[in-house]
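Dropping the structures in below, format is structure tokens.
Here chain A shows up in two complexes: once beside chain B, once beside chain C.
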Partner chain A sequence: MDSLLAFFTVFTQPNLLLLVGIGTFAGVYIGAIPGLSVTMAVSILISFTFSWDVYPAISLMIGIYMGGVYGGARTAILLNIPGAPSAIATAMDGYPLAQRGEAGTAIGITTVMSFFGGFIGIAVLAVAAPFVSDFALKFQPRDYMLLAVLGILLVGSLSTGSLAKGIFAGAFGIAVGTVGMDPLTFTERFTFDIPLMRSGISFIAVMIGMFGVSEALLQLHHIGLPAIRQKITRIVPSWGTLRKHLPLSLQTSAIGVMIGALPGTGGDIAALMAYDHAKRVTKNPERPFGKGAIEGLVAPETANNAAVGGAFIPMMTLGIPGDAVTAIMIGALFIHGLNPGPMLMIDKPDMFWFIVGALVMANFFMLLFGLTGIRLFVKIVEMPRAVLIPLILLLSIVGAYAVNNSITDVYWMLGFGFFGYFMRHYGYPLGPVILGVILSRLLDDNWRRAIISEREDLGRFSWGILSSPLSLTLFVAVVLIFVSQTPVWSRAKSVLGRRQGQ
Partner chain B sequence: MKKFIIGAVSALVMATSAASAADYPSKEIQGIIQWGAGGSTDTVMRSVTPHAEKALGGTVVMQNMTGGVGAIALNYVAGQAADGYTLLMGAENPLLYKVMGLGDKDYSDFIPVSILARGTPILVANKDAPFDDYAGMMAYIKEHPGELRLGATGPGGLPSVITAMMNTVEGKLDVIAVPYDGDGPALTALQGGAIDVMPAVLGASIEGIRAGNMKPLAIFDVAANEKLPDVPTITSFNDKYNEMLPWGPFFGVFVANGTPDDVVAKLASAYAEGAKNPEFVALMDNRGFTMMGVSGQEAQDFLSKWQQNTTWLLQDAGLTKASPEKFGIARPAK
Partner chain C sequence: MQDQDYDNHDGTSDATPGGYPDRRRPGELAFAGVLLAASLYLLYSAYGIAGFEALSSPGAVPMATTVVMVISALVVVVRTARLHTFAKETISGSILPRIVIIFTGLLIAYGVLLKPLGFLPTSALFLVASIRLLSDRSWGFVFAVSAGSLLCIWLIFRIVFTVLMPVGIVPEAEIIQFFRAFVHNGAA
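And then the complex of A and B:
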């Protein structure tokens, strides 16, 4: 009964409701601008809301979080520049749709699917948080390593055209991710004794450069062409469309919740894995992936919003952050005199239900703000290129600077932008580069942790994988996915298919 | 965006007006936090600063600047004008930069405004570990050499110092040190069974201990901690630890050398006032930190003693890249 009351706190107090709404609205726009991240916004809010009560402070933060994760899709669809790392996969099919003049439809689908994914994430948080967090704790370094390997196999899905070029791009990304001071031993890697290389290359700067600047440079080729007229006929997707994608969105939401709940992986990896999953299970998309497949929007957007609820699971049950934003929220709870940890759910169950309630509300606000104002937003793509290109460059520079308030990041961003432009020209896909940078640390750190904990004995390490059901499952998945991408497999499949056909 | 605008505006202001100490603070003060948002240093600084602001009658805009184990932030503040408008909000790590080869600057380039508090290290184990205290762990290591997995956070981190102490007192321990990015991820791994034992700061593990998700083996202090009165002190197992304790990580606010004395005094009294705030004291107490609130010569002495003890401990354990002697850090007198 008390928990029910706590759940409805947000709905009954107009000021909290207003704060969640303001937060969500701000979040959508902060998320849409590359470089302005939710993490940053929430950490500024800690000082800003210092003297407030804990409920209003958390309401505002939750709104920003929910809105921000969704907002990243906006610029991904309209400009091919993901506003946040979790929207990288969304750009792959969203931008082609905008190029066909269907940006309105794309945003509509993304919004509704984000709402759906967000809801699944919250539902799992409310119903099964203790179980999920127990399961998430079971992940050992070797399991994280296998997860990273699984992620690297996505290179195949993210590469359009030559697989060899995709693999090169992925390997390049992994190398970029290792630059700087090695976090485990503090040894310098690929720094060439240059001080500014020590802190590594900001992954956000790479992303903004690769997508933003290279896009602007590419657009210069078509500067004379008229902008694409957008037809805004159907924004809210039809019931039939939703029902058709229901099975897929349930699966990708599940992926999102789980990856989000794992400490150390977040919405970005969840979205990419979901995209890959969609590509695997969708037999006959209406349009091929990479050319504007609806499934290519459904999967990443359900997953990254489901990951929000997922990230709260270890935070609320164990005091362990599920991602960077929840890490800051744990700090905020401390400052407001609470002790986030395993006892929080027992000592202060109201806090848990209040957060669940606030998330539900933020999810509704996201739907509302997502579906309104699309017409205005879509105008961005209809702008003449002579205005649009400088705007993209301006956004990219401000965004790259804002990440760490560092001018060095702007140089990295511009450098990677030029490099990305030439990569595109020669048919190298950019998705795998970002994938490599994201997964570099996960793979590298956990491989070393796993082998060090087995006294650097490969035999013991392999036995560890075979004897743990979780590791074995992941290992089998890695092998199967790898084999399914080899020519041997496709030949075997075609032979089998012919036999069945007879 | 807000931070960006504030940064731009304060840069402009800084360029146009030279500060005079009498009307300090006449503009916004920038507070550079050495560690990421949500970490211990961040939490402590963001909770004490608003109270200090009131006493100071000015605004401190805090910003996290991470990277290079905090060296990026330290070098940044050292490079700004020494006028008291840029504060470094840091932890103990810079005192080890020189011997660890992480940089050529440390707190000797700064004036301590306030050393706010220190943490107490504690040895915690997975709840299913086959031993219940420090003595049991030592017996287990002897019986199963090379089996126990001990969490670490890289050279110079708290676990490395505690491990060095244990090696000094007990002789080289045959254990596996598994490195993590920080005590948060390592304690998560401890609860999942990826590591068996972790030397951590009390505040980071106290909630896990209360919930029974991990078990305390020994407190690394000379006296029992009132937060966990039942946990034995390490000195009760082996009194050789008395020579090295009390030891612990700390948090402090610093300004660059050359900052006018009256500005330092104003800041010091503001932070001393802020640190007395009951809300802040309660927060620190909850997290198991010991309040210090020292400044001036007392703080300088604390820093140099801390540096002497720790660098030589690490040097003797063979963990340093350069000898403390090279930087004029004298071996502590026995």
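And then the complex of A and C:
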């Protein structure tokens, strides 16, 4: 009963409802404007809303998250520029559709399918999270440690880039997270005897730098990109079209929830994997993939919105973020004095049901804003980058300064911004860095707790891992991810393939 | 499809990080080398925290992570060194064009001036300079857009989010007080 009340909090309090609505509306446009990403927006916002109560702050962020994951699709369809990373796959078939003059159909289908995927993600979150959190109480410190390592490895291995660079990024993030005084023994770590370094590096400065400044600097390369106008007609898709793609959308939603729920990996990876899946299972598309196949829109759009609900599962139950945005939200909850993890679900179940309620509402708002206001949309998206980029940079500076009223944070933010700029150019993923910074404390604490409880004996520690089914599963997963990226694996696969062929 | 690949080389997201799988970009090897050197230095620094004192020492996790950094950086250096450079790209063309260097300078100048000059004048200078640099519109447009957007940002963040930025030379508090008094008197 209490959870039902908590679920309806957002519906009964007009100010929260309004914030979710504003957030979703803003999110759709933030997602749609190339150069503004949800991760960037949420990381800048966290520093502005930290003087607010926790409910309004979370309402606004959830709206932006849900709307932003969807919004990227529109620019992908209309301009062939994915407005957000999660819409990269959408551009492959969306833009060809728009070129044929069917931009309206494409937008309609992506909107309804995003709504559908989002709904499945939320449903799975509502049903699964309470079970997972019960299960999570059995987690030993070593399991948390393994899960944190798993999350950092997953991003590197599921993306198209190199695992070595992904691992480097993750380890770098963990190292950044340990800078300052050790909370247990007050030993200085990586401070180089500089007094300023003792308080550590603000993770908000790292985030805004990596996702705000580096993105804005990168956008300077594309300053002169022309915008193409499209005529948009007939948006609401027919019932027949929707029913036809229902089986595929269910499958791709499932992929989305799963990828979202895996620690570290979010909507962008889910969308690409779902697109691949759709290509494999669709035998006779009406049009070939890459030339305007509807399936090529259905798959990534259901998956990336389903991943939103999925990403909240590990965040709410274990305190381990499902993707970069939930990593930032964990930071937001910390700032508001809440500690995400299994105890939060038990001590404050209201918080969980409130978030589920807010997600449901954001999903409805997304449908509403998605099917209306196209004309206004086209105007806003054509906002010149010459104005947009300086504004993003200014907001990043204000955001970094606002958290601690400290100019040092601004310098950190700029430093990480320039570093992130080069990382992007040379193929180092940024997600693992943020994940590493957020998980650093968890990893450090749990490692030390685990090894102290085993009386500093590495042999006993290893035996502990091998004798617990949960730890063993996690350990095997870590090893498998690692091995699957080495030459040994591909050689073994080719040998096996040859044998089967004979 | 080839063109698509060239579009995505800048690293838009974690799903598709930048660079090319079979070519190295200009400066990539140097960057990897710098990362390796920095990782080695950090490993040395991590060793200095507690040495090999205990598995649960404050230095254990930093040492483990920096070892991982050194190994992965080494793998990246070796792999990158084996690749051929992508001939069509240059540092000044694709990696660090002049506009990015200029903006880097502008951002540093912003950071230096923020404290002594205050938020409003520094931001105004920054917006005017950067919008003028990026667009070929008239000074009138540049001033109008800069002033308008700065006013919006200031109103939203000062009033709605109550963020206090460095005041510097503009007497913000007095101005706000003046308007408060004005509105108050008007209402009364």
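Please note the rule applied: the second predicted complex is superposed on the first by the 270 of 502 C-alpha atoms of A that agree within 3 Å, B and C clash if a C-alpha of one lies under 4 Å from a C-alpha of the other, contacts with A are read in each partner's own complex, and residues count from 1 in each chain.
Rule of thumb we're sticking to: contacts are C-beta pairs under 8 Å (C-beta built on N, C-alpha and C of every residue); 3 or more make two chains touch, one makes a residue touch a chain.
Keep in mind that what you see is a predicted model, and the values were worked out from it rather than measured.
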item	value
Partner chain(s) touched by A:R448 [first = chain B, second = chain C, both, neither]	both
First, second, both or neither for A:A327, with chain B first and chain C second	first
Contacts of A:I465 with chain B and chain C, given as first, second, both or neither	neither
Which superposed partner A:F192 touches (first chain B, second chain C, both, neither)	second
Touched partner set for A:S51, first chain B, second chain C, both or neither	both
Which of chain B and chain C A:A126 touches, first, second, both or neither	neither
Chain touching more of chain A, residue-wise (chain B, chain C)	C
First (chain B), second (chain C), both or neither touched by A:G337	first
Which superposed partner A:I62 touches (first chain B, second chain C, both, neither)	neither
Which of chain B and chain C A:S43 touches, first, second, both or neither	first
Overlap of the chain B and chain C footprints on chain A, listed as residue numbers	51, 184-185, 324, 398, 401-402, 405, 448, 452
Residues on chain A engaged by chain C in the complex (per definition of touch)	48-49, 51, 82, 85-86, 88, 155, 158-162, 164-165, 167-168, 171-172, 174-175, 178, 182, 184-185, 187-190, 192, 213, 217-218, 220-221, 223, 268-269, 271-272, 324, 384-387, 389-391, 393-395, 397-398, 401-402, 405, 407, 410-411, 414, 417-418, 421-432, 440, 443-444, 447-448, 451-452, 456, 458
Contact set on chain A toward chain B in their complex	30, 33, 36, 39-40, 42-44, 46-47, 50-51, 137-141, 180-181, 183-186, 198-200, 263-264, 314, 318-321, 324, 327-331, 334-335, 337, 339-344, 346, 398, 401-402, 404-405, 445, 448-449, 452-453, 455
Residues of chain B that touch chain A when the two form their complex	1-4, 7, 36-39, 42-43, 46-47, 49-50, 61-69, 71-72, 100, 102, 146, 149, 154-156, 176-181, 184-185, 187-189, 191-195, 206-208, 210-211, 213, 279, 282-283, 286-287
Interface residues, chain C side, partner chain A - complex	8, 10-19, 21, 25, 27-28, 31-32, 35, 42, 45-46, 49-50, 54-56, 58-62, 65-66, 68-69, 72-73, 75-76, 79, 94-95, 97, 99-100, 103-104, 107-108, 110-111, 114-115, 119, 123, 126-127, 130-131, 134-135, 137, 145, 149, 153, 157, 161-166
